[in-house]
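In what follows, chain A forms one complex with chain B and a second complex with chain C.
Here is the complex of A and B:
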């Protein structure tokens, strides 16, 4: 299957992340890069501007900007030419999907179909064939996996933002090694420790962020939350919100609650969970009991 | 009659244009233009200082970790009395060095070899890159784009199991280096001062350097022969060097940035002069024997530049091995630095893969009032005037039509996205 990767205002993080895909070489045998910003490709960017044939999946990376010119042609013109022909369009990463970080850096910037949560409608004609793969960067397994599933024409259930549910139906919280501290409402957290949950004080958005970070581990080995870094909600339309390392609160309770959990239910549950005082979770995990 | 030609340079972490002015068959003048900008510095203004830890890695997909470390150093300088354990310091040094290694492999295999019409199997670049990503992730959560370095240390705790994973991969990486890049004992290679000795070995590096010699390109791409290094650690030495004349003392007050007409990049000068930064500069400051020898023969040419970059790999491998051995897991990973100061200034300096990276921020009433980033590519690629051209400009001027201008340009390992931050 032939792929064309067109970067707008990007950091190249998605392109580099893809190279970490554990089965990259085997995966790539099913695809041909008409253009990729790092990898050997069939065409040069100048040739892509002049016009090439055979695009099957168009990959859009980076934040779009009104009037953006890559070399000689406006990005919009380049995009539209290939979008018409492509069977699928995939927005790679949060910038291309929702606007992301760089949308905050200037006027007239957005994702392909969204400005944050709002559908702006500039490219509505292409909405039906677009898949959204947000993430900053998108996990290589998510990008490579989606492309392979499209190629083999497997049914790919999508959510309302067109994110494939196989990868985005879970929350980042699912599979976090700190989950017990969340479940039993142990609300103290100190950085530099294996223990504790960053939800209460340090801005962790894992319980309301769609993503597979703790299901499909990063680089096959770890995740941010397992390493004690709060989830920054990078797959969501409002990334990056302000005050990323602090939990904003309403009457002493985190203002944003786990996905779909009503405030009242949360409060009742929290009250009960706290009453348990699970001793095991109140002392260091690696305490040596021999001495 | 002068002829003007505008050329697109692609696959440099984005793109750039070079506007060549040919007089007869030679480049009479060249200007390097970056067409896009993202405004990261502006995005940071008004935000909580800690937000920078999340945002600045996203300057760049290939050297974002260097941006994170520069940010945390700048933030830490804002505190009057900040404590950092040796463990946290060492682990940060380690992940930063892993990123440098990854960059060096990627650049050599994806950028340089194709320009020399040399082919190597894709796994020679994919495997080390992937392993280095895993090594960073084991300590920092993920790669690219983590935010594990925070004022006072690192966000998580490291266990012996994590370190075991790092050590095993390190051993594997050394094997890959010897099997692919150059088959030589690391220790010996670091002290080697004979080009012929290097060329005799098996591997992609000797093959590449031999190809440059065979084509007679070894003296191309020479510039002002002025080098600068701001970062200082157990591996690199700060200072500047005019030719081989070293001067240790540098003062950031002499650093000046200015706009470039028609480009979104800013040039940067030290005491009014342009300097080359990056692996060649670092090797000149360290007096690395093999690179000093290349420089003696061919000057600050693409030969010296490419060799210097790849020869950082064995140095970094030895350095990271020593760092791993030095980690004392009984020390704290994080020491609470207390609340962030309401009004403060800080500077963070890092030796990134492509050279010195400098972050400076000012905090006013608890928010970022200004944030400035000076990237390595600004030093190397910033345009000057006809009378006083910049580093890469100067390397391009004088090239003949048949000369490999793209190779000269890319020998600096341009990072377009960093430049258009």
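Here is the complex of A and C:
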């Protein structure tokens, strides 16, 4: 399958993450890079600007900016030209999907179809064939996996923001090794330590962030929350929010609650869980001599 | 089928009567001075049968506090769900509390004289605030909404909760001791205003 990767305002993080895909070499055999800014490709950027044929999947990476010129051509012109013929368009990473970090640095910047959560209509005609793969960066398994699924023409259910449900239906909280602490409302966290849930004090957004980070581990090893730093919600339209290491609260009640959990239900359960002191979880397990 | 339903209804009714009678006795005489045989006598039932409903005095006391919490929680929930400014919500919560103290004095007496005074009765089964969860949850929702709308100051939950509920409990206590020169209803406006001033956003 033939791929064309067009970066707008990007840091190349998504490409670097893809290079860490453990099965990268094997996976690449099923694809041809018509053009990629870092990888060996069939064409140069100059040739892409002149016009090439056969694009099947157009990968868009980075924040779009009004008036951005790639080499000689306006990015928008280049994008539109290949978007028409491509079978699928994939926004790679949060910048291309929602605007992301770079959108906060200047005027006239956005994702391909979204400014944050708001859908804009510049490229409405391409919405139906677009898939969103947010993440800062997107997990390599998510990008490679989605492209393989498109190639094999497997059905790929999408959510309302067009994120593939296989990877984004559940939250980052799912699979986190700190779930026991979440259940009994124990934060007691020190950054980098292995114990404590970071939802109550330390700003963890895992319970309302769609993604697979705790099931598909980064580099096969870890995730933010497993390693001891809060999830920052990088797959969501409002990324990056402010105060990432701090849980904002209203009279002690977290201002954002786990996805889909009504406030009354959350508060009732929290009240019950808090009433019990689970001594085992309250003491620093790694240092505790009692085992 | 109908017979079974009838039996279940009768049982629920009887259970309710037991709770009511126990509430009255506990509120009047305190937890320790009240005995199960005394309750059975008032209910005109055998001690053995009463134990079929509640296997201990502690469990009965716990059930009572749960019901009081559910009752007050339900009434505050109605206020939470109404589109009202915080100032008016406070006035309604104060009104409900004082109305309950007037119309169902045993409920508030039980809360102050048994639940808060005989904590050992509630240690197992009513850990933390479990048995008053419904009531506390609604107060939390009230505070949360007030901060979200910018009307209340964002602060520690217990500082605000203690100020609100401690104040109301104190007034009902003074009323029960016949120390207040006026009726509780006559204090609603002033007290609501004081609570609002203490909790409002600056």
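One rule holds for everything that comes next: the second predicted complex is superposed on the first by the 284 of 291 C-alpha atoms of A that agree within 3 Å, B and C clash if a C-alpha of one lies under 4 Å from a C-alpha of the other, contacts with A are read in each partner's own complex, and residues count from 1 in each chain.
Criterion: a contact is a pair of C-beta atoms (placed from the backbone, for glycine too) under 8 Å apart; a residue touches a chain by one contact, two chains touch by 3 or more.
This is a predicted model, so every value here is computed, not measured.
In the superposition on chain A, contact of A:252 is made with chain C only, not with chain B. In the superposition on chain A, contact is made by A:39 with chain B only, not with chain C.
Looking at the shared chain after the overlay, A:106 reaches chain B, while chain C stays out of its contact range. Look at A:179: by the touch rule set out above, it reaches neither chain B nor chain C. In the overlay built on the shared chain, the residue A:22 is in contact with chain B alone; chain C does not reach it.
Using the contact criterion defined above for the overlaid structures, shared-chain residue A:276 touches chain C, although it does not reach chain B.
In the superposition on chain A, A:268 contacts chain C only, with no contact to chain B. More chain A residues lie in contact with B than with the other chain of the pair chain B and chain C.
Chain C contributes residues 127-130, 133-134, 136-137, 140-141, 143-144, 147-148, 152, 154-158, 160 to its touches with chain A in the complex. The touching residues of chain B, counted against chain A in their complex, run 8, 10-11, 13-15, 17, 35-36, 38-40, 42-43, 47-48, 50-51, 53-55, 58-62, 64, 88, 106, 110, 114, 122-123, 126, 129-130, 133-134, 136-148, 150, 152-157, 159, 165, 332-336, 417.
Interface residues of chain A, counted against chain B in their complex, comprise 7, 9-17, 19-20, 22, 24-25, 37-40, 44-46, 63, 65, 68-71, 101-102, 104-106, 136-137, 190-194, 213, 218-229, 232, 240, 242-246, 286. For chain A in complex with chain C, the touching residues are 249-253, 255, 263-264, 267-268, 271-272, 274-276.
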